[in-house]
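Presented below are the structures under discussion, each in the form of structure tokens.
Okay, so chain A shows up in both of these, paired with chain B first and chain C after.
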Partner chain A sequence: MSLRRSVAFRVNLVFDVVLAFTGLGTAIAAVLIVFTRADTLAGWSKAEFLVLIGTYQLITGLRTTFIDPNLSWFPETGIREGKLDGYLLQPAPSLFLSSLSLSSPLQLIQVVLGAGVLTWGIGIADRSPGAAGVVSWLVLVVAGTVVTWALSVLLACLAFWAPKLQLDVFYHSAWQLGRYPTDVFARPLRILLTYVFPMALIASVPSTALLRGPQLGVLLAGVLAAAGAAALAALAWRAGLRRYTGATS
Partner chain B sequence: MTAAVEVENLSMSYKAPVRKGGLRAAFGSLVRREYKTVQALDEVSFTIAPGEVAGFIGPNGAGKTTTMKILSGILHPTGGAVQVLDTVPWQRRSAFLKRIAFVRGSQPVGGSQELTVMDSLEYQRLLYDVPRATFRRTLAELEALLDLEPLLERQLRALSLGERMRVGLAMALIYRPEVMFLDEPTIGLDVSAASQIREFVQEYVEQTGATVLLTSHYMADVASLCPRLILIDKGKVQYDGPLAELSARLSPYKLIRISTQGDPSPFGEVVDKADGRWVLRVPRDEVAGTTARLLQALEVVDLAVEEPPLEKVIDQAYREGLR
Partner chain C sequence: MRTAVLLGFRLRQEVLEWSGAWWFLLTLVVQAVVAPLIGLFVWSAVYPGDPAIARYYVAIILVTLMTESFEQHTFSERIYNGTLSHELLRPQPVVVGVIGMNLAIRAWLTLLGAPIVLLTGIALQVGFDWWAVVRSTPYLVLAAVLVFLWTFLLSLTAFWTDRVHAVVGFGSQLVFLFGGTAAPIGLLPDGLRRVAEVLPFYGMNGLPAEIAAGTRSGGSLLYQLVWVVVLVGVVMVLWRAGIRRYTAVGS
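And now, the complex of A and B:
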């Protein structure tokens, strides 16, 4: 029986790797096909697109490794199955326990793949990024990850007010939009994705900074957005707990 | 010394949406929602002294679990004041959380089910900041008391219900809490597993002087562990005092069990009879007189005076309330 179990886990590993490869592969293939016909797309070159896909994959990997195992389907697992009650009893910040205490290291493979594509993109770029570009890319990736975490927390917090609402599917579809540069979208959608539901931050903005040089304003805005989103998430969490009435008897 | 648990006028209410059956009402509730306020706890007050073991009983839905969740800081109440170890529980200070434990029979062990028992205990050690030496000593004691040795290397998810409960207790007690809330610790356990848990709780309390509030639907748990009972029903405390007094108050009768060839029916209400053995129900204060008269009038082979079974008494209390 234990043999069966370990085999099941190994099969999982293989599937995860295959899945990550195909997901990334199709994204890259689509870009390569487009660029056999055109040199730029919405002002983005092939190399820039690859950098974008790499960055997107990297942050997605970080999300699925550290955030998703904790917060996805939170209304179901967290509240209805009583996991939150357990966290609330432990002498450590409950927000940390509920949002970051678990991880699935296998998903780090996505981060590795993302880094690979990123290097490829940088390799074929016309001019290699300067030190300032790399630093601001790093800062913005961190900011993007923080915003991602905050959005997941806010989404989970909705469960305190509307326990039946499960927006994970919506969130994950919106997430897919992050893999395209915001310049390809029509203006209203672009504004929405930049300011309201900042998917732009997870890939477009860092990639731009890396390849076209840093802009102080963007950098500052990214850091502020991250701080603001994190503060908002923490506040919502506290307000939510105040309302929490428990779901298990 | 101040009380370990102090509850004053604790109230908890929440709004639940209600609607009548049928499609029309279902659509109607989309437009205008009607809520009913459910009063889970209504001005509950009690105190528990340090080192005391109190039983917390009441029918399903009486508010026992809600009270325990408030006392352990999971829920914010809507009214009243609570102090556990001189702290307001729902502030959830870590210093406070390290001194209490809340163990639920329905879900004794949380956390990652793939971890082994030993891993989970190590995790608790880190989380609760238990010094290594203390940890090792406590673990050795718990191993002996709870028979943990064969379980340490197993995964949590592969444990049976009884084993889970033992592990759940070990996880909670490894950091030596001063106040324990045990919510139906023996639910679903077989007779011997349940009595093992009971003995263990008893021993732990004797060794450490911990304060315990325990709920259970099994009167055996309550009778063997708790000198004091708090009976709660419909969110209100109905009785708070020693077990013996409760049964005296609830049941003004005693049972006389008698074996005789004669007919004792004139002496009291016959509850049960089978081939020469009778059970009579007699008012409490007449027991002595009736017994004497029985012995005089009949050829008695055997006679015993008994309290009515606690289960029956409690059942009566749940259904009719206390007078």
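And now, the complex of A and C:
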């Protein structure tokens, strides 16, 4: 249904596809410019950077395909326009309906492009990843996607307490930081991006596991972080719903 | 003179109107400073201990805040929801309202973003030559005009397409890459640098920042002025064509 809606407007389709290409192209160009001046950046080689950008693009693609169409501008669309009221009347869990019922399949182009850059990075890497590296990358990408979903839900939950607070622009800006390894940033920001707003888990951690080999501790921490974030999101949603009195009341 | 007075009134009205949305404005500040901050971290990692990099990027952050434009939201939405008709019926040029809102948002972003610039400057122990900062003022004014014209030009495509955000997004990518945020123009590979120095984007961010940071002692105001004239011409042509195409029902 979502796919049919998207391909109905062909010019828009062309715009979206072109923008996906140019957006990724710009990000890669910015990094390649750095590598004309240096061989490594904060200990990361060009190949590792490409793997990181590919992984980041892949998870971003999943987010824009499955999560953003539901939770973007939630205080406005979900609460003030009363979409949530409709979901609460349906028999399926409201958290599922509110966060995953709609999708924007065309954005999957970002996933395909991300996979392409990932393959490029692996292709020019000094050593190809082992089976254990690939498996731990997969596990960490799944964990990163779960954390992404949980962060979006937590952000939406804020609307139950502060309906006027609109943090989407802030969230998408902070998301940009995930495109670079956390090693690049100064220490306070690095700690923030690892433990508070875990952008490190989106791309840095899986990319390290893929090319430098898996570390059991990191793998475990990733899975635990995903489980913890998902549980926290579910709890916050339930607590928010208890406060919620309806858009029209 | 009458236009200036009208603009003054509109600016005052918009500044007051936006004062209620200070939290949202703060998120816009964060959006504006993220890309230059990433550039700062990346290039500081490549050239650790080079004070010129930090100085340049602190200047870029300030220039970005002072020149941000959002006509794809403020103006294009009026085309989409038909309220442009109200503006067209007023006995004043439509662009007065657009510029008034643009300046009001910039003023708020500069005010709210100033602490971030100050903190970054202090944290990195950046020292400016204040004479260079004063000298950069005309370049900054022309940069602000250029960014507005570029964003407004792309926003005018809303007369023809409903994907104006994609169009402006593409424009912003060009500014990011060739304007001096992704990398200072001097650090670009030769071929790319020559292209960047001719395109208008360098005049939007990099040039005033380089002059304020003291990396460049003088630049060509003529280069910026030529692009202002070109963009004004294109904007006028597009505006006339767009307004002929515009239709609204019932508003």
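Criterion: the second predicted complex is superposed on the first by the 240 of 249 C-alpha atoms of A that agree within 3 Å, B and C clash if a C-alpha of one lies under 4 Å from a C-alpha of the other, contacts with A are read in each partner's own complex, and residues count from 1 in each chain.
Operating definition for what follows: a residue touches a chain if its C-beta (ideal position, glycine included) is under 8 Å from a C-beta of that chain, and two chains touch if they have at least 3 such contacts.
From a predicted model like this one, the values you see are computed outputs, not experimental measurements.
S.K.: Give one of first, second, both or neither to describe whether A:83 is in contact with chain B, with chain C, with both, or with none.
M.R.: It touches chain B, and chain C stays clear.
S.K.: In the superposed arrangement, does A:128 touch chain B (first), chain C (second), both or neither?
M.R.: Neither: A:128 stays clear of chain B and chain C.
S.K.: Which partner does A:174 contact after superposing on A: first (chain B), second (chain C), both, neither?
M.R.: After superposing on A, A:174 lies in contact with chain C but is clear of chain B.
S.K.: Taking the superposition on A as described, I'd like to know which of chain B and chain C A:185 touches: first, second, both or neither.
M.R.: In the superposed model, A:185 contacts chain C only, not chain B.
S.K.: Looking at A:91 after the superposition, I want to know if it touches chain B, chain C, both of them or none. Which is it: first, second, both, neither?
M.R.: Touch status of A:91: first partner only.
S.K.: Using the superposition described at the top, determine whether chain B or chain C touches more residues of chain A.
M.R.: Comparing chain B with chain C, the partner touching more chain A residues is C.
S.K.: Using the touch definition up top, name the residues of chain B that touch chain A in the complex.
M.R.: For chain B paired with chain A, touching residues are 14, 61, 65-66, 69, 72-76, 92, 94-98, 101-102, 106-107, 110-112, 127-129.
S.K.: Could you please specify the touching residues of chain A with respect to chain C in the complex?
M.R.: 11-12, 15-16, 18-19, 22-23, 26, 29-30, 33-34, 36-38, 41-42, 164-170, 172-174, 176-177, 179-180, 184-186, 189
S.K.: Quick check on the complex: what are the chain A residues that touch chain B?
M.R.: For this pair, the touching residues of chain A are 82-83, 85-86, 88-92, 94, 102, 241-242, 244-246, 248-249.
S.K.: Given the complex with chain A, which residues does chain C contribute to the contact?
M.R.: These residues of chain C touch chain A: 23-24, 27-28, 30-31, 34-35, 38, 41-43, 45-46, 161-163, 166-167, 169-170, 173, 176-177, 182-183, 187-189, 192.
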